[in-house]
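Take this structure, written in structure tokens, and hold onto it; I'll ask about it next.
Naming follows writing order (A, B, C and D), and every chain is counted from residue 1.
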Amino acid sequence: MISVSGLIGQVFAIALALLLAPLLAGWVGQCRAWLQSRSAPPLLLPYYMLHKLFNKDVVLAHGASSLFRAAPFIIFGCMVLACAIVPTLSTDLPFAPAADALALVGVFGLARIFIALAGMDVGTSFGTLGGRREMLVGFLAEPALLMVFFTLAMIAQSTSLPTIVETLAHRELVIYPSLAFAGVAFTFVSLAENARVPVDNPATHLELTMIHEAMILEYSGRHLALIEWAASLKLYAYSCLGLALFFPWGIAPGDDFLALVAAIPLLVLKLAIGGFLLAGIETVNAKMRIFRAPEFLGTAFMLAVLGLLVRLLLEARV
Amino acid sequence: MDFFVLMLAIPLVSGALLTVVGERDWAPNINVLASLGTFLAAAGLTVEIVANGPRFAFGEQFFIDSLNVFFVTLTAFVGLTTSIFSGPYMRNERDHGRLSKPRLRLYKSMYQLFMFTMLAALTTNNLGILWVAMEAATLTTVLLVSLYRTPASLEAAWKYFILCGVGIAQALFGTVLLYFAAERVLGATGNALLWTHLVGVKAQLEPAIMALAFIFLLVGYGTKVGLAPLHNWLPDAHAEGPTPVSAVLSGLLLNVALYAILRCKVLADGALPEGYAGNLMIGFGLFTLLVAAFFLSRQKDVKRMFAYSSIEHMGLITFAFGMGGPIANFAGLLHMTMHSLTKSAIFFAVGHASQKTGTQLIENISGLIRINPLIGWGLMLGTLAILGMPPFGVFASEFMILTHAMRHYPWAIPILLLALGVAFASIFGKVQPMVFGQTTARRLPHAPAITPVFLHLGIVLMLGLWIPPYLTRWFHEAARMLG
Amino acid sequence: MFGFLSLDLLLIAAVAWLVIGVAGLLAPGNTRFIAQLLFPVGAAIGIGVGLIGIAALGAPAETAVLAIGLPDLPFHLRLDNLSAVFALLLGFASAGISVYSAGYFREGKGTAPGLLCVEYHLFLASMLMVLLADDAYAFMVAWECMALSSFFLVTTDHRHDEIRRAGFLYLLIAHIGAIGILLCFGVMTGGAGDYRFAAMRAMELTPAWSSAAFLLALAGFGAKAGLVPLHVWLPEAHPAAPSPVSALMSGVMLKTAIYGLLRVSFDLVHTTIWWWGVVALAVGLATALFGVLYSTVQSDMKRLLAYSSIENIGLIAVGIGLTLVFHAYRMEALAALALTAVLYHCLAHAGFKSLLFLCTGSVLHATKERSLGKLGGLIHRMPWVAWLALAGIIAGAGLPPLSGFVSEWLLLQGFLFSPSLPHPWLNMIVPVAAALVVLVAALAGFAMVKFYGIIFLGQMREPALKDAHDAGPWEKAGLVWLTLVTVLLGVLPSPVILRLDAATRQLLGAGLADTLREQGWWMLAPISAERASYEPLLVLATIAVVLMVTRWLVRALYHGRVRRGSPWDCGYHFEGPRAQDTAEGFSQPIRRIFEPMFRMERHFPAARDKQPYYSVKVEDHFWHWCYLPIARLANSISAMIVALQGGRIAVYLMYSFITLLLLLLVARP
Amino acid sequence: MSSIPFSAQLINLFAAAILLLGFAMLAQRRNLALVNLFAFQGLCLCLATLTTAISTGQTHLFYSAGLTLALKVVALPWILYRLVRQLNVGGEAEALINIPTTMLVGIVLVMIAFNVALPISELSQTITRGTLGIALAVVMLAFLMMITRQKAISQVVGFLSMENGLFLAATSATYGMPMVVELGIALDVLVGMIILGVFFFQIRDQFDSLDIRHMEKLKDN
């Protein structure tokens, strides 16, 4: 059942994710700097960072428990799994049946819980603050994300990501208004989930506003490296997911090796554009107060529901 | 000797005897022995009736069939256990200085006479004698209620006397009317008040008279049953009399009064349009149930509270008999049995509890389970049983009543639900802190009689899970007789 | 098995539980004898019950008639697939709890151990009898015995007023619910007076009566299960009870109510009307949302879990509603999917909620503290409990790869098919309900993180916590057992569902087994692999492998050096444990976002307070909207009625007189 | 009236007298006079019974008349008389409602009683069928009296007057109940009266008065 080419494609996709993810983070940083007229950091900065962090000693706080030490590995594992499930290059993924769209949300949720718990573990004021805010964003974003998936699942009659992507990629050119709603909602959710402006700012340690950074304040050395890597993997996974769902063209349909190879540059191109747009969004928006986040994500949820209703109303017989 | 004659003679003779020797130390034993004798005679009579069918005694003046023999056994049994219970209870009262020796004598002789009147009321075939016996039962219990001669007990006894006297006078008027109606069919012989004769011609009785008669009988005997709004004597009499008296009042006297109504209902049903008597009883039953439930929530005196609970259950039973039909009648009879046994057990436990704590006020009794676990558990289990918690037998009858009502009288369901809910909340909310929590109780000079409590509860428990077949047959036959 | 029917064996198990209970009275004060002999034996019986439950799944129904009961109505018993599912739930969950109890119950607290032993095993036996009962009377007897025994267990430590009050409230609502159930049976007998379930199955009811039966069942069983607005007893009773009892009540007893609802709505009543499903769905959603929101703002760890139980029951009710909707439109395959989700969630919740309650028990023993605000950092002192509780909270948050996620996933799959319903309104509303379900699940994550993070992580909020000790061997055994259940249910859903198939097939005539058999045992794809699939084992394995490989690689390529130091905390490392979020602080975002949902009493410090303090008290709206007005109304009615007894004999005579006159004038035949 | 035999006219006359005496008792303020009125009522009852007995020739009605004479004309009034003297409560019996109102209510009650009894009376074959309504009216008037009086003694007199009404119904409307029943009833009434007599003393000892307003302690509100 599992084809060899599929397995190769799977391993390749994972390797590509691990490699490209820090690059994407670096690219977004660079774009941001350009857009803000700053001098840009090197594109490969994230790789240097990771290498440096892995080399450093871990400094554990006195109160840190074993959970604190295990969490980065678990989070990293979750993100690798997520990247393995999301169809990046091809839809022939042996790992894909492991988790459909709903389970993918679950996997992200698992990672979220561990990072929040890790944030609370040392028992500092910022750690618990971050943990609670992270969970806040989580419970607001998850329903919206699910609604997006619901809309897509209804179009494709499936929750399996490869099936959805295949259906969307190989359909006739029909305009789905619902997809537009879903796409906007997905963008909102992605921004929140990946700790980007306007919900969070990955580049600041301003104590009153930070979410993600607050949780990982106590991490250092290889733990921090894994968490950073996992964060970039998450961004990568979300980006690829968005691209696969809303711009699915070019993803290899199956055991077509050529198409697979051809998909790589296309993916890189799409990611580059996506990263640039993300930087653009982050530039034109300001970080909002934490209690505006419910409104922001509530909007996303409303859009997703609207998408669903539009789907039911207008497209049910398409 | 004839069991029936023995059964009536023993309480009468021992009552007279105890009038003379009632203050002796061994008098309580006489009391118990006499009750035991009565019970054995009643049991013998029961066996006889079950085996040979209905019979007459003293010409046709007394008639024992499966309906009343069941009440007779129950009465004799509760009479026996109450006499066992009252031994140590009354000794404690004497040692606490609440009762003098002449009063003890009065108590014992009146107790036996009261048993006599009830047994006579149950077994008589003559509705006139039934009335006489009921009135006599009132008189004996008035003396029992006023036994302490405190202002409160005198007040209670006075109200009891007047209200029940007036009530029962109305029953007499009803009886006269009944006779009036019967005479037209049966002629002015002595037979016109004999139930066995009446029941044969019940369809020919004049409806207009029978309706009037039934109203008077219902209001009259209903006063004694404690149907609202005729119940006012009941809580006073229960709360202020000695506890054994409360136990027999609740457990037996109310039953006997209800029995009288049932006998009359059979006649009324024959003469009147379908459901007339039944609807009256349903109305009274529901009203009583509802009123009693709301009374319960305001009680401060534990015996008073359980007196209201008796009213509530009488309402439920009246409702059940009002519905009629084999299931509801069966349920009503079962409920009467269960209520008698359970309520008297509760009064036993409450009596000891209030002796231990020296008060009947609920707020001053607490933590019974710590000073005397058996009394505590007795009260707790008894309360749960009376509230209709399975596996106790009260639930069995409530189960049948409610399921039956759900289909045939769905409009009554909200009332039943409300009343049962309020009653549960009120009673349980008050009993729980009495049984649990910290304690204020003291030791008693005479060890309490726990056996009756658990004997009753044991029977109630057993009947909730298993009713012996012969008892079932007997219940069925009685239920069928009620139509 | 040895010539016995499974039903006989279960009956023997029930009797054995009773015998064990009574044996406790032989030496009511001997804790060693009771705890370390009787309770483990009870646990062994529990495992036996679970195994028989498994064996009975798929087997034809067995019936028996006992010699006891009402006249003409001896106890009828029946073991079919639905009872078997819940029997296995009861058996396996109670086994863990009983083993745990062996180490938990100690001397000198309230009720004597012997009595506790009686109540506990009576509770178990009556729950088993509820599952086996095949006539209304037997069911009600078992049902109320269950309520009664659990009431006594709840009030084990009856010296405290609030515990007694909690027990009272519990029993009151249980009793009112029981009357509702009884009336429901009354409807279903159709007035024929035949209380056997077999007769009810044969009875053809009009839609109106069927609806009455369903609504009564929903109210009656809902009171036991904790559906809004009859949930108020639950958060009071669970904290009051000893932890194993809370576990048993939450894990098992609530499920018997679900069992009853399923029994009535799918087995005893024939017709199903679509709006029943909508009602159940709406009530379930309200319950779930309410439960989870309140669970996030609690400051008492057991109350938090109690509200979380309300949430889970709400989700189960949502599943039942969905099943009813599908069933009403004869879409049995989809109904089977939703029903599987319901049954699975029952199993999953029994596992993880029992586990979590038992963990709170260990914490309570070790620290004598229930308030979250006084706990913290216990992972250092109680690593066993902490790590096992981690499994519980992941399952409780409904996350892969543990048990809670499977049922939520199945439920959401069920929702995804709702657009195929031939009813436009349902088409629109049901998917939005799915979004709310997801919101509930996500909020559950919040609550669970709060629960775990504040109890086990961070710094110890009180110095006394340093003396906390880990659970004893018996307790550990119980916890490990329940953790195993949670993990196995999480990673091996397919074999379990293949077993559950018999139950759904019995109720709906359809099941998931056919499609599941086409795939491997590791894969869960209820409709088809293309449609949707979930392989929890693979998820777990991937994460585990990546974890190992990464760890090995990092150590191989770099190093594994660790230093200890003060926390950095943006330079505020000198802050003590009080700088951490309190339980109230952690839930501040929820209180703020969902402010109208709560009734709050807050106290803010003023600017110049010498001893500033902040406090917040969250109360249940339903108390103030629903229960207190009812209580006040009852009170004022009784005040009016009490005036009837004014003490004046003339007035009493007048009542009698007026009654007589009224009857004479009005009641003419 | 001419169609009714003379004996029946006589019975109706006595019945009317009983009713009149009932009204008189309702209006009477003094306890001692109340006892006297009660004795007169008993006498009328006795005479009515006697007339019925003579006109119908029912022997047991003679016994009944004798019993009434002994009990209601002699024994009970004597006991009451002694009580009133010993307890020194011969004076004013304060009513709760003023007398004219009571009388008005009484007339309404009589109308109700007659109306209720009307259909039954028409069915009766006895010569004295009209008395049933009167009996009912007497019962109701006695009831009203018990409601409106505040002294224990007057309540008891009311109670006994009610019993008179019942006897009137029993004897005149139905030619008497079976003897055994009548004897039983008489015994009950006598014993009840004796018990009440004892009670009065106890009540006076405890409350220093026979005013039933002192007995309003047992209540729930």
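Here is the rule we go by: a residue touches a chain if its C-beta (ideal position, glycine included) is under 8 Å from a C-beta of that chain, and two chains touch if they have at least 3 such contacts.
Nothing here was measured: the structure is a model prediction, and the numbers come from that model.
> Enumerate, in label order, the chains that touch chain A and chain D alike.
C
> So, comparing C-alpha centroids, which chain is the farthest one from chain A?
Of all chains, D has its centre farthest from that of chain A.
> Count the C-beta pairs in contact for A-C and for C-D, then report the pair with the higher count.
Higher C-beta contact count between the two pairs: A-C.
> Can you figure out the chain closest to the middle, judged by Cα centres?
Measuring from the global C-alpha mean, the nearest chain centre belongs to C.
> Centroid from C-alpha atoms only, then distance chain A to chain C, rounded to Å. What do you get?
35
> Averaged over CA atoms, how far is the centre of chain C from the centre of chain D? Could you give it in whole Å?
The mean C-alpha positions of chain C and chain D differ by 69 Å.
> With chain centres defined as C-alpha means, what is the inter-centre distance between chain A and chain B in Å?
77
> Using mean C-alpha positions as chain centres, tell me how far chain B is from chain C in Å, no decimals.
About 43 Å separates the centre of chain B from that of chain C.
> Please output the residue numbers of chain D that touch at least 2 other chains, ranges allowed.
116, 143, 146, 155, 212, 215, 217-218, 220-221
> I need the residues of chain C touching at least two other chains; which ones are they?
As it turns out, chain C has residues touching two or more other chains at 639, 642, 645, 649, 653, 664.
> Among all residues of chain B, which ones touch two or more of the remaining chains?
Those would be 158-159, 162, 166, 170, 208, 212, 235, 295, 298.
> In the complex, go through chain B and note every residue touching chain C.
158-159, 162-163, 166-167, 170, 207-208, 211-212, 215-216, 218-219, 223, 228-230, 232-233, 235, 272-273, 276, 280, 291, 294-295, 297-298, 327, 369, 384, 387-391, 395-396, 399-400, 402-408, 413, 417, 420-422, 424-425, 428-429, 432-433, 436-438, 464-467, 469, 472, 475-476
> Which residues of chain C touch chain B once you look at their complex with the stated criterion?
Result: residues 67-72, 136-137, 140-141, 143-145, 147-148, 155, 158-159, 161, 164, 167-168, 171-172, 175-176, 179, 182-183, 185-187, 189-191, 193, 195, 634-635, 637-639, 641-642, 644-645, 649, 652-653, 655-656, 659-660, 663-664, 667-669 of chain C touch chain B.
> So in the complex, which bits of chain C are touching chain A?
Of all residues in chain C, those touching chain A are 376-377, 379-380, 383, 386, 390, 393-394, 397-400, 405, 409, 412-413, 415-416, 419, 427-428, 431-432, 434-436, 438-439, 441-443, 445-446, 448-450, 452-454, 457-459, 523, 525, 529-535, 538-539, 542-547, 550-551, 554, 557-559, 561-570, 572-573, 575, 577, 579-581, 585-590, 592-593.
> Per the contact definition, I'd like the list of chain C residues that touch chain D in the complex.
Within the complex, chain C contacts chain D at residues 639, 642-643, 645-650, 653-654, 657, 661, 664-665.
> Once bound in the complex, which stretches of chain D touch chain C?
Listed in rising order, the residues of chain D that touch chain C are 96, 112, 116, 140, 143-144, 146-150, 155, 212, 215-221.
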